[in-house]
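Below is one structure. I have some questions about it.
Note that the chains are named A, B and C in the order they appear, and that numbering of residues resets to 1 at the start of each chain.
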Amino acid sequence: MRVAEFVAALAIALFSVYLMWKSGEGPSWDPNATRFANIGINVNNEGPGSGFWPFWLSLAMLVSSVVIMVNAALRRTPQSRSEERYLDARGKRMFVLVGGGLLLFLALIETVGFYGAMPVFLFAYIRYLGRHPWWLALLIALVVPIFCFFFFDIAMRIVLPKRLLEPLFIPLYEIFL
Amino acid sequence: MEVLQLLLDGVWAALQPVNLGLAFLGVVIGLLVGAMPGLGSVNGVAILLPFTFVIQQLTGTVSSPMIFLAAIYYGAMYGGAISSITLGIPGASTAVATTFDGRPLALQGNADRALVIAAVASFIGGTIANLLFTGAAPLLATVALRFGNPEVFALMLLAFATFVGLGGDDIPKTIVSICFGLVMSSVGFDIISGAPRLLLFDSTEWFSRGIQFLVLAIGVYGIGEMLWTINSTSNDIKMASAKINLRRVFRALLWMRKCWKGTLIGSFLGFFVGILPAAGATPGALMAYGVTKMVSSRRRHFGSGEVDGIAAPESANNSASTGAMLPMMTLGIPGSPTTAVLLAGMVIWGLTPGPLLFTDSPDFVWPLIGSFYVSNVIAVLVNLACIPLFIRVLRMPFTILAALIFVLSVVGTYAAYQNMYDVWLMMFFGIGAFLLRILDYPLAPAVLAIVLGPIAEPTLRQSLLLSDGSWMIFIERPIAGPITICAIVLMLLPLLGLIRRKFRAMRD
Amino acid sequence: MRNFMKLVLGMVATCLALALAPAHAEFSPTKPIDFVIMAGKGGGADKMARLMQAIVEQHELANRPLVPVNKSGGSGAEALVALNSATDPDHTIMVTLNSFFTTPLRQPGLEVDIMQFAPVGRMAEDTFVLWVNVEEGINSFEEFLAEAKARGSGWVMGGTGSAQEDQIITDFLNDTYELEIKYIPYKGGGAVAKDLAGNQIDSSVNNPSEALGFYEAGTVIPLVAFTDERLPMFPDVPTLAETGVDFAYYMQRAVVGAPGMSDDAQAYYTGLFESVYNSAEWQEYKSDKSLLGDFLPGDALRDYWGVQRDRHETILRASGAIN
């Protein structure tokens, strides 16, 4: 846990530095803008510049994450004293399966659209992670997308992307819209 | 007394069968839309706006279509709490604070209590707001006009001050969380200089649109919290049995006695924040939660299923949504995205919202106000009647519920912003939130910050632009001054406590 | 299972055939039309877009619904990029305003060429009027000039966005009359109008639709119109040209199609929006909100863009907003 605490704070610290660096960037149409010219409180007599808010807040974030690292090193917080593992074996397996599954789900949406990906994700999750009977998994995997289609696409006029499956839906639009 | 007569006529008009039917239909649609994660009243209202022309033609009045839309607005405020409590995903941005305590209470097997309190508190909040609206609309409109940029910023400062205690005991982690939310809220585009900024990884496509509030909120609550629950419990847990019958509903009603404080704070605070055009219902609900926690003697129990922590934001978001109607109707300024669409509707129907609306179109204004009262009653009754149905959701095996929550989070995020980038971003935030959650980073402050950031930053900079960079503008102005001083004192309180404890420890 | 696959394949084949075959026939949309709005919910452009959508639905002008999508990010940059990379240009259209000209100039990194967009039709031109709060006691443009000059940078003008319409007009006033008006950017015209009515700022150049409510209530008064002729709604308010300075500035309210839209589709949408333009509702809205401008279809609109883009480039270059 202590190592995790330290690593997380380090990651946040690095991210804060990146944010500070980005905050100082001048506008894209002005190639002569110097970095960090926009973080002042009164830039060109026009009040705080565009980088004022993110820069100083990122700095506060950086300082805080350094304090967290020091606390971790000195074992000052409950997390840094804990001897528990950050993620135990079961937790790791769960994280890879569920987290990975979710990312795969999104990747699938990008290729076959919401209505292709939803049944696959629901079926896989309920059947293999939940160990429910296959007929139940199949039922939910079919009912939910159908409900979503009528709720979002037809009733709410929010057209969910279909990607490759788009042609399949043209007859449905013909009927329902 | 003239007001009373006008109001009675208005209520009578709202009780006409056509209007009553429209209000009922609107409330039901609103409940549905509000309960769906990612969708809020704004979606319902925007989608049904074209449909209101048909109503206008059929009924021949302009008040009927507005009654319909206002009922959707009302229903959605009630509906937001439902998914916050049963699924743990905020149904709408206004219901974020409801998840803080509603979700833990549901996990303890008391979802019925949480839902009943949410409904009744909403009703009380709505009713108090209606009374304030009826009695003092024109007066309050002038108050809203007095709030310029420095005043709004001072108010945001106050909101942060009430939330200083929202995080855990680990102050650096709370600061990281707040700052993260505030910086993320400034990604994309700077209104003041008109320049794109913080385009992370130089990706215009991903970040020029900024990071939307629900992307972070759904990521944290829909994905992060779910992963955490799966990790910290065994995968096959059943939620504590959620039974429901009339007796339990009645017993839950008795719990209202324990949360009158939160309800009252929420009702009044929500209303006053709601009438400020810049703010709207979401900051109102969050502030009500913060203030109630601050004054509560049971402060330590907040976040683990305290009833006051449900009553405050729920009464506040209803009250604020009525309050937000005020600047819309009397000033023609929308206080929230939903009122913006309602305003568009009024313009299309041929009305001119503004200071003269009350005198020029009484046949529009009073039936509408009457319908606020009527819709509020319909909404609480429909909601209470449906609670057994919502409870059923919680009886589902956890592995099925989890799969549904994941799918709803993804679909909801897409539906809210109609962009796949936001869905990916939501997922990354969710996974990151899970990894930090294990280390006890408080995440609610980040969600709060991303709501208030986009209001606080521009008003701060506009004020300093106005004052040529002098910070005294926040102290010198008659309204901003007291608010700023209050906020600063509140922020310093925990610090003083800390010093006193240190001092005492040294003496011992 | 095999039968099911056959069915699916059959459906795909039919649909593809349906989608590809009528290449020469008249275009008509086969799926919901993405109706991108280059501004946030509730702004002037949004109100107008929703009115157009309502008119289309009410008169059943199109056989597929228009689905409004607000893309307000980056002063319209988000919407421009979305249209530029639209996967189905025949079903993607957008409501635009003047950020259509200024945003690509200010953000060359977007690599957007507005001349590639399909001109569908200009629905109206919105007008700009100079407003002050009644309590200032100013009744004419001359008095305004005297007072603003006396107060120097203490005179505050509120407006929507930065280096956009409102600031362009403010810069023009500053340059022409040697004023030092301080410009404060807001997110939307509604907030500007409210702050003017609340006396938080000293003047604004709101569109009439934004300030109308306060005008009728007698809290704000118009001083001068930035148009070629007097507005029918304010017959007593002079144009800037009458005061001796030849300057007029309008906001385009136009519908454009995504780059790569087929000619047939463009003709279809032009016809669709011409019907919207001619509807009684649109004409009424136009006169109620003091909008000007005739319907400008196809190539005429593209020529108009060319003129407008060059004009904005000159203005922005002069003010130092681009170089």
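One rule holds for everything that comes next: contacts are C-beta pairs under 8 Å (C-beta built on N, C-alpha and C of every residue); 3 or more make two chains touch, one makes a residue touch a chain.
In this text the structure is predicted, and so the values were computed from the model without any measurement.
S.K.: If you tally contacting C-beta pairs, which pair wins, A-C or B-C?
M.R.: Higher C-beta contact count between the two pairs: B-C.
S.K.: From the Cα centroids, identify the chain that ends up most central relative to all protein Cα atoms.
M.R.: Of all chains shown, the one whose C-alpha centroid lies nearest the global centroid is B.
S.K.: Using Cα averages as centroids, what's the distance between chain A and chain B in whole Å?
M.R.: Each chain reduced to its C-alpha mean, chain A and chain B end up 22 Å apart.
S.K.: Could you give the separation in Å between the centres of chain B and chain C, each centre being the mean of its C-alpha atoms?
M.R.: Taking the mean C-alpha position of each chain, the two centres sit 31 Å apart.
S.K.: If a residue has to touch 2 or more other chains to count, which residues of chain A qualify?
M.R.: 28, 157-158
S.K.: Could you say which residues in chain B touch two or more other chains, in rising order?
M.R.: Within chain B, the residues that touch at least two other chains are 190, 192-193, 195-196, 418, 462, 465.
S.K.: At least two other chains touched by the same residue of chain C: list those residues.
M.R.: If we look for residues of chain C contacting two or more partner chains, we find 106-107, 109, 321.
S.K.: Quick check: in the complex, which residue numbers of chain C touch chain B?
M.R.: 40-43, 46-47, 50-51, 53-54, 57-58, 68-69, 71, 73-75, 77-78, 81, 85, 106-107, 109-110, 156, 161-164, 182, 184-187, 190-191, 193-195, 197-200, 209, 212-214, 216-217, 219, 281, 284-285, 288-289, 321
S.K.: In their complex, what parts of chain A are in touch with chain C?
M.R.: Listed in rising order, the residues of chain A that touch chain C are 28-30, 153, 157-159, 166-171, 173-174, 177.
S.K.: Where on chain B is chain A touching in the complex?
M.R.: 33, 36, 39, 43, 47, 170, 172-173, 175-176, 179-180, 182-183, 186-187, 190, 192-193, 195-200, 223, 227, 230-231, 235, 397, 399-400, 402-404, 406-407, 410-411, 414-415, 418, 420, 423-424, 427, 430-431, 434-436, 438-441, 457, 460-462, 464-465, 468-469
S.K.: Across the complex, what residues on chain B touch chain C?
M.R.: 42, 46, 49-51, 53-54, 144-149, 188-196, 204-205, 208-210, 277-278, 327, 331-334, 337, 339-341, 343-344, 347-348, 350, 352-357, 418, 458, 462, 465-466
S.K.: Which stretch or stretches of chain C touch chain A in the complex?
M.R.: Per the touch definition, chain C meets chain A at residues 8, 11-12, 15-16, 18-19, 30-32, 34, 64-65, 67, 106-109, 321-323.
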